[in-house]
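Reading through the C-alpha cells given below for one structure.
In this document, chain identifiers A, B, C and D correspond to the written order of the chains, with residue numbering beginning at 1 in each.
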Amino acid sequence: MRTAAILGASGYTGAELVRLIATHPGLRIGALTADRKAGSEMRDVFPHLTHLDLPALTRIEDVDFARIDLVFCALPHATTQEVVAELPRDLKVVDLSADFRLEDPAVYERWYGHAHHALALQAEAVYGLTEFYRDRIAPARLVAGTGCNAATGMYAVLPLLADRVIDPDEIIIDLATGVSGAGRSPKEGSLYAEVAEGFHAYNVAAHRHLAEFDQEFSKAAGRSVTCTFTPHLAPQNRGILATVYVRGEAAEIHASLARRYAAEPFLHVLPMGRTPQTRHVRGSNHCHIGVVADRRAGRTMVFAALDNLVKGASGQALQNANLMLGLPETQGLDAAPLFP
Amino acid sequence: MRTAAILGASGYTGAELVRLIATHPGLRIGALTADRKAGSEMRDVFPHLTHLDLPALTRIEDVDFARIDLVFCALPHATTQEVVAELPRDLKVVDLSADFRLEDPAVYERWYGHAHHALALQAEAVYGLTEFYRDRIAPARLVAGTGCNAATGMYAVLPLLADRVIDPDEIIIDLATGVSGAGRSPKEGSLYAEVAEGFHAYNVAAHRHLAEFDQEFSKAAGRSVTCTFTPHLAPQNRGILATVYVRGEAAEIHASLARRYAAEPFLHVLPMGRTPQTRHVRGSNHCHIGVVADRRAGRTMVFAALDNLVKGASGQALQNANLMLGLPETQGLDAAPLFP
Amino acid sequence: MRTAAILGASGYTGAELVRLIATHPGLRIGALTADRKAGSEMRDVFPHLTHLDLPALTRIEDVDFARIDLVFCALPHATTQEVVAELPRDLKVVDLSADFRLEDPAVYERWYGHAHHALALQAEAVYGLTEFYRDRIAPARLVAGTGCNAATGMYAVLPLLADRVIDPDEIIIDLATGVSGAGRSPKEGSLYAEVAEGFHAYNVAAHRHLAEFDQEFSKAAGRSVTCTFTPHLAPQNRGILATVYVRGEAAEIHASLARRYAAEPFLHVLPMGRTPQTRHVRGSNHCHIGVVADRRAGRTMVFAALDNLVKGASGQALQNANLMLGLPETQGLDAAPLFP
Amino acid sequence: MRTAAILGASGYTGAELVRLIATHPGLRIGALTADRKAGSEMRDVFPHLTHLDLPALTRIEDVDFARIDLVFCALPHATTQEVVAELPRDLKVVDLSADFRLEDPAVYERWYGHAHHALALQAEAVYGLTEFYRDRIAPARLVAGTGCNAATGMYAVLPLLADRVIDPDEIIIDLATGVSGAGRSPKEGSLYAEVAEGFHAYNVAAHRHLAEFDQEFSKAAGRSVTCTFTPHLAPQNRGILATVYVRGEAAEIHASLARRYAAEPFLHVLPMGRTPQTRHVRGSNHCHIGVVADRRAGRTMVFAALDNLVKGASGQALQNANLMLGLPETQGLDAAPLFP
C-alpha cells in the first residue's frame, strides 16, 4: 500500500483525487493540505466525502513527507513552483497546475506573465498526457498534468498529425467546457446566475492552453503548428467537448484514431458518424472520440469528450501516479460514467 | 386594431406569439387553433398565460377567417403546405415552418424527403429575414419564417459576403442551440435527463438549415457558396450562439457588420473583441454580434447570439407581420432581455 | 413623464428595475449609481441592457436629485439607512433592502445584529406589500419593499388569517427559491457548481424573513402568530414556490383567497386542486396561487409562486412607485411570463 | 462469481444496475433484456456504457435462466407481476417496480387501479428497505424494492416512530425529487423545457408512495399512522431531499437517528443543525440525514437526502442482492458521491 499526499485539497481537483483514491486498492491518503482551511475536517469542506475516514486538513509545513510516497500538487500556478521546489528531492510529484507544462521558459513567461522560478524542475518535468508519454512518465519524478482543454483537443488531433492525415495549418478547435474547471474560488463569472441557461465564448484566441497546443502539435508534426482555438462555457458542472475542424479524409482520420487508441483502456473511438456527449463520460476517466465527414470533400470534424475533473485533471493525475508507483495503470479508475 | 389568428398555438412558438402579441398596441388575437387540443383553454395548455383573456383553442375549420387580418402558421412542415393552400387567398400569412423557405422545389425535396405540394405558394413566398428582405416583406402576402439556426448564422455572415470581406469558400459555422427549438412533442432526446448537464453535436453536416445557408449565402455572394455547419445542443431553454470561423481581416469584418446594422433596431454589433452571450438576449428580439481577431493573421471569429423562440421564430414573425400590416416594425417587440 | 433614480444599479434588482422601466410609458431613468463601478456604462456591467440609452453609472453624491421624482434604493441593508437619511426630505423613496421593513426597532436589532440608525425614517415607512397596504403606499414618502420569500408566504396566508379560516398556530411555510435572490456578489454558495443539480435547505428556523412573517401575520390575525419556515435553494435563476401547510377546510381557504384577490391584477388563484409552477410566472409581476386538500380532513396545502426579482422585489417596487407617483398601478408591468 | 440478469435494461434503473455491477467483484451480468430494443447493443442504447463488454439486449423468453443466480426486474408495474410469475421458481428476484411493495392486495388495488394478479408472490415478497428488513431479505427469494420517495421519508421517520420520540399524528413529508425518477419514456412533463429553471409540486396528497408510508409507518408505530406528503419536482437529474416536519424534541430525535444508524455503512446522521444536500450524495448509495430544531419548542425538522437511482432504486437493489447471494453487503457500492 502506497501513501499519497494532496496539496491544495480544498479545491475541486483535490476533492476529486480524494474521491478516486477512496476506492483505490493500492493507494491511501496520508495527508491533505489547505492553507486557509488548515485545521478543518475534509467533511466540513466537502460534505460529499462525509463517509470517508480522512486526515484533517493541515498546512504544508506540517506534513511529514517521510511517510509519503507521492504528492499530488493541486495548487495555483506560480505558487506551485515555490512549493514543489521546497519538497524533498526524492519525492514523486504529480502536479496539476500549469507550472511545469511548458518546456520553453520563454513561452511560459509570455503566457503567464512572469518569469519561471524553478527552471531545473521544469527541465526535469514530463508532460502528463499519459497515452503519449507513458514511457517517460513511469520513471519520472515530476509529472506535469496537462490543461483539461488541451488534453481534449490533443486526443482528437495528435495521432492525425503523427500519421500525416491532416493539414497541420488548418486546425480549428472549437470547444465547450463545464464550469468546475474555473475552480471553487468565488468569481462573478462562475455564479449560477451568470452561467446557467446560457452559452458564450471566453478568452477567444487568447486562452493559455494555446501554448500547450503549440508545443505538442509541433512536436507531433515535426514542424511548427499554430491552431485556432475558441473555448466556450457551457452550463454544466463537468465535461468538455472539443469539435475540431480539420482537412483530411474522414475514413483515414477515423482509421488513424482507431488504430492509435485500439489498446488504450480509456480512449474509445466511436463508429464512424457517431458523436460523443459530455454526459456520457461524466465522472469517469473515459474519453469518447467521434469522426464525421463534412459534406465538403476533404473536410472532417473530429469530436472528443471527457470529464475535465477526471480525465482532464485528477483522473489523469492518478493514472500517471499509478505508472510512477509501479501500480496497475487503471487502478482506482474503473468507475463507469454517471448518466443521467 | 388588427386581428391575427395563430394556427398551431399549442407549441412553443405559438405560445410565444401569444406572449408577444399580449402587449402589442396594434394587434389582437382573434383565434387560436390546435387540432388535438381543440376545445381547451390556452391557460390549461400554457399556464403562464393564465392572466390573459384569450379565445379558446379551436380546429382550423372552425375559424372565421373573415374576421382575421393575418395568420401566423406554426404547424409542422408538410402539413403547413396543405393548410396554407386552403386558406382564403387574400389572407396575409406569416409561416413559421420550413415549407416556404427554399425557392427551388428540387432542393426542398432533397432536404425534406418529399415533393413540394404547393408550388404556386412557394413561388410567391418571401424569405423572412427581415433586415435583408424588408422591402419585399412589407407588400407580401406570404412570408416564410427562417430557420432559427439559419438566421443566427446569416446575421453573422451575410454582410461579409455582400461586402466581399471574407473568403466565401472558407466559412465554418459552429453553433449551440437551446432545446426549445426541438418543440414540445415528447422525444427521448429532449428529456431533461438527456439534455441537462451535458453538451453534444447533432445532425453534423446534415442539418436541414444547410439548405437555407446555401440559398442565401449564394445570393449574397453572387456565386455558389457551400459552408460547413455543426450544430450542438446546449442545456438551456432558449438561445443560439453561432461561432463563425471566416477568412478576412477582423477590422474590415467589424466595420462591415457595424455599417450594415447601424440603423437596425434589433441587431447590435458589440465593440471589437467583445463576445455575446445567449443569456443576454433571452426573451427579446435582439441579436448581439461580436468580432474577435484570431491570433493567426487573416482569420477572424464572428459571433452572433439570439433567442431562437423570439428573433429566431416568433419575434421575427411578428416583426414581419408588423411590416405586412403597415404597423410600426418594432411594435410589441420592445421588451428588454430577461437576465438572469 | 416622471424621472427615477436607481441607487445600487449594479446588482440584479437594480438591473431588473432598468429592464422594467425601459418600457414604462410614464417613467424614465434619470440616474444610476454604483459606487465601485461609478464611471462605467450600464451595458458593460449588464450586457443584456446594451440596446438601451441609459445614463452612465455615477456615485450617489454626483446625482442631481432636483431632477428626480422618485428614488429606488437597491443597496445593502445598514448602508441603506445611512444613504436614505441623507437624501432630500421631499424625495419619494422605494427601498428594496430590509432596513425599513420591521416596525419595531428592537426586532430589527435582534434579527440584523445592530441597532437601527434611522428611527424617524422607520416610523414613517410603509410596508410595501401592495395588495395589503395600497391605501397607505399611495401617499407615502418612504415605502419598504418586502422580503421576496416573505411576500410569497404572505400572499398564501394573509387572507386566511384575516378571514379566520385557518388555525394561526399551525402554519408551516416550506419554500424553494432561486439563486438570484442571493445577489451578484461572488460567494462560494452561489457558484454554479454549488447550486446546479442539487437541492438543499438553508437558514432553517433562522431566516430573517421570519421577522416579517411574525409582524404581518400577527397584524392580520389580531394576535401573536409564530410560524415555522424552511427555505430551500433550488437550481433556478428566478422563482419562489411556497408550499404552506395549514389547518382549515380547503374549500373555505380557496374561497377566501379567490374572494380577496378577485380584483387584483397580478394575483391569480388557480382552480381548486391545481398547483402553480415558478416557471409559469418567470420574468413577470404575476403570482399564481393554488389550493389542494390534504387526504387528512381539516388539513390543506396552499401554494404560491412568484418571480423573486419581479413580484418579490423590483416589480413590487415599481408597482408601489406607480402608486406613489399617481401613475396607473400596472404601468410597465404588463409583460407576460417567459416560458420556457 | 455469481451471475445476474437485468430485465428491463433499457431504462435508467436498468442502466444504473449495469453501472454498479460493472465494478462489483463478485457479480457479473449474464443477460440484459428489453423487449422493444431486443437485438440492440447496450452501448447503442446507453453510450455511457460503451467501454463495457456486455451481452446484447434480448427478449425475456430468450434468456437461459439456468445460468442466472439472481434477476433484477426493472419493468413497469402490472407487467412485472406477469413476468415474475413466469420465472423459474427457484430464481432469486429483486424487483424494482411497485408490484410487490404493498402487503395488502386491497391497498394495492386502491392505489394502482387494478387487482393484483400474483397474490402468492406478494405473500412471499419482503419489503426491501435494507436497514429495517435485513434479516428477512437475506433468506428471501423475492424482494420488493421500495419507492424512492418512500425510502427517503422512511429513513428520516421510522426510528422516531419506533422510539416513540415523535407524535405519529403530526408528520408532514415535504419532498423534492429529480426528474430521472420519471423514467426514460418521453413525456411532456419530463422535457427539459418543462423541468429546467422551475419548481413545482405534483401528485399532491395523491402520490402512490403514500401507501408505502402508511404501511411502514403503521408497522413501526404499532398503530395506524397517516401522514401528509407533498412531492415536488426539482430541476436536477438525481436526488431526493425530504424535509420532514415532526413534533418532538430535536435532541431526542437526533439521538434516536444517530443510535439507530450508527453501524449502518450508508446512512450518515450529520451533526445537529447541519442539513444535507442532494448533490452531496449524487451517484452514491449514501443517505445523509440532518436534524434542526424549530424556533417553536417541541417542533423539529428532519432532512434526508439520497440519490433516487442509487439508494432509492438500483443501489438498494444491489445491496439486497448482495444479502440474498451471501456476498458482502456493501460490495459494488463503495463509490463516493460525484460532486460537483
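Assume a residue touches a chain if its C-beta (ideal position, glycine included) is under 8 Å from a C-beta of that chain, and two chains touch if they have at least 3 such contacts.
What you see is a predicted model, and the numbers here were worked out from it, not measured in a lab.
> Counting one step per pair of touching chains, how few steps separate chain B from chain D?
The distance in steps between these two chains is 1.
> So which has more C-beta pairs touching, C-D or A-C?
Output for the comparison: C-D.
> Quick one: which chain's Cα centre is the longest way from chain B's?
Centre of mass proxy via C-alpha means gives D as farthest from chain B.
> Hey, how far is the Cα centre of chain A from the one of chain D, in Å?
36
> Hey, how far is the Cα centre of chain C from the one of chain D, in Å?
Each chain reduced to its C-alpha mean, chain C and chain D end up 39 Å apart.
> Could you tell me the distance, in whole angstrom, between the mean C-alpha positions of chain A and chain C?
Each chain reduced to its C-alpha mean, chain A and chain C end up 44 Å apart.
> Touching two or more other chains, which residues of chain B qualify?
In chain B, the residues touching two or more other chains are 12, 180, 193-194, 196-197, 235-238, 276-277, 279-280, 282, 340.
> Provide the residue numbers of chain A that touch chain C in the complex, in ascending order.
On the chain A side, the touching residues are 12, 179-180, 184, 186-188, 190-197, 235-237.
> Which bits of chain D are touching chain A when the two form their complex?
12, 15, 18-19, 22-23, 46-52, 180, 196-197, 237-238, 265-266, 268, 270, 274, 276-277, 279-284, 286, 288, 334-340
> Residue numbers of chain B touching chain A in their complex, please.
Against chain A, chain B makes touches at 172, 174, 176, 193-194, 196-202, 204-206, 210, 226, 228, 230, 232, 234-239, 241, 243, 245, 275-280, 282, 292-296, 299, 301, 303, 305, 340.
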